[in-house]
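By letter and in written order, the chains are A, B, C and D; residue numbering begins at 1 in each of them.
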């Protein structure tokens, strides 16, 4: 058995010069939230599942009581307007657990995308600040210098030496390994405290992605989720600022 | 050397439409206890051993002073009545230590079962609650929606979003990877505190398994073991509620 | 590159029905001390080195300033008397770091031994008690029931359910994987506190090994080392029983 | 995909009897600082990049906003004088993360060097003392006994049993695996406290390397960096010796 296996669902889609958009789990789950929201809003169609021996040996349980082996999932979407492009969308339950698993998974994603004629990509993720913030900015890094100016015009931020540790995980590796194959790509990283899932940061990332792809969707569902998370964060802060006895008690009741 | 090696003992059995029943070590050792009890009571016959380079590099010592390399073991049982089916039973010393080892082991189990004509399975395990409980319920997850109703009729419980983390390990992976090959299967998870081996939970799991397979065995040996464990648990709780000095002393004497 | 590589030094030895004796690093370094002492006393000849990608990426520095890649080393010895047998001796710097590395290493040791006509082995190790002891006994486990009685006659001890965790590492795995290939073998485990290297335990193991192989060597060098270790242990115990301030001071001076 | 992949940039260089000089990240980053300084001063030319699935799945971000997949880099330099030799220089972002990754990487470095006609090497690293020191000495280990005297003449230090743990990582493994292929080599280890990057130790290492290679470069840039680090170290020591409250405050301001 190979490290990574792809199972197509039905026929392979025929796409014209498509763009890959990736959002896997990561800090604040920013990328995953953003791509899942997009898939939902544009009614993208699932066409393949990737399984990896480097994912945890785990099934999730669907609401109907059936199981689902953890995987990554490919969707596609055909453009509706002249100024749009076909899209390949990738999300999933996990990234690879080990370095080797990450490299194998990303090579497979690039293989499949390449076969569908794809040579461009946007990868989405979070940039963990470790503190609260008002309005999340969207940091950016690209495979090509000429893309830097384009992204700046759309509001993406380039900070010298940030992220200082570079980009770790699929969002970075897709750009890095993709560049070696001649892919052009951009990574959007939404600022996030990083403590909780962060729909607000996902929204900020999607706003820029909508500009560069000319694909517009309603963001109200993300806004609603962001409100909910804000309430939870507010409650957690209150508990933390309480005298310890009372905090314990509340947690117990909760 | 391959990651996983199977050594047959004597001839491969000829089975008719057999059902695989798996119980490997895990939380409360529920699955292992249940399958070992069943093997013992129905006099199932060992026909193969699986060795894996992802098991610990370890031998156990038999009571006669000889060694036994850690492994997984396959047994079979031929049905005696019209409403029964042939059985393949799997238990063992370990699951794979790593993700890749788990995937390799489970693929091998499926390969061997498939060659024997098997397309159905029950996987048995525990569901750790982290607290004491009166009567363990048996949670359930399946590969197919239509199996959900059948299992409910036999007393299995489907709780929405439980287990929240899905099923990790061989019991889950067998369903997940099996489903991709067209296997039908059900996982029974006996509730257990998860602190000690739990024959009471194993008994609850076997009760349902007996209903769905029409294979009936006496559970009195498990009941006896459950009593013993209950006594041990009782003693441990007493020690914990003692003043620290006295508890230390008792442990020393014990 | 394979996981494990063997490099022969000069010609392969021609041996008659040789016995493999293994002693790699482990608890109290009992096995390694014993085999190294034996190699030294009988002037065994090195004939091969095993390198493994699962050993640490490390060289040791010889006393002359040159480096030595960490490895395992094979020696041989030709019998001098009728009641003796040719010997293959294995010792080394490390065991494999991972489960897979252990299995690969042990398979290679068995391959090389088999090619030299070997079908019997003694594996040597320590049995950690976690407390001081007077005279170390030598526990024993075998591949075959008939060997149990033989070993008992020579003074080896079989305790029911001990070691409870079986034997972990090369000494156990050689018996386990060897048994699957038709090797006969015995593991001698010298009792040891397990805190320090333990020449006294190594001596106890060698005493029995000398009886079963009819190869006799002086053990005085081991006895001398045992004295030295005893002195160190004595000093450590004194420091531990001192008031903390004084102990710190002594450690600083030392 | 192989564990390790090499991508040549332009044509392979034609070199005459070149010497490999390696300096990868490690304690005090001594080796990496030294080789990077040398590459910079002699205007060595990059000719190949090594990628490994055992490096972290990570890209760094260049100052212009573009990404760079983490790698190791090969440079070459053609000798200018009769008493000099052509050089191959290796530096990079990471060493392999696992034992196997280290062995694979080092084998690849040796393969590439061998194809370019190289049979000699200097590997550079740090020797962590865990305490401050005045003038760092340069410890040494070699593949061949006759090299020991040569290196002593140039001021390298051989201390019996130091480093006690041998040399762990690429600098040691290159010597160890290289020796098995008939490479001759020497490892220079600059003493370093090991707390911070240590340009002073890198300078000491380069001084000896300059003598043995007859390649002379200005070390003033390293001296300047060493001053900066010394200032930082000084400030850290001051903070540590302050009363705790004040120290916290300063860290906060800083």
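What we mean here is this: a residue touches a chain if its C-beta (ideal position, glycine included) is under 8 Å from a C-beta of that chain, and two chains touch if they have at least 3 such contacts.
Everything numeric here is computed off the predicted structure, so don't read it as measured data.
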Shared interface numbering between subunit D and subunit C [over half = same, under half = different]: different
Superposition of subunit A upon subunit B: rotation angle, C-alpha, nearest 5 degrees: 90
Rounded Å distance, subunit C centre to subunit D centre (Cα mean): 37
Subunit B and subunit D, separation of their C-alpha mean positions in angstrom: 53
Overlap residues in subunit D, where contacts from two or more other chains coincide: none
Sites on subunit A touched by subunit D in the complex: 96, 99-100, 102-104, 106-107, 140-145, 148, 158, 160-163, 165-170, 172-173, 175-177, 179-180, 187
Partner subunit C, residues of subunit B touching it in the complex: 1, 3, 7, 51, 53-61, 63-70, 97, 101
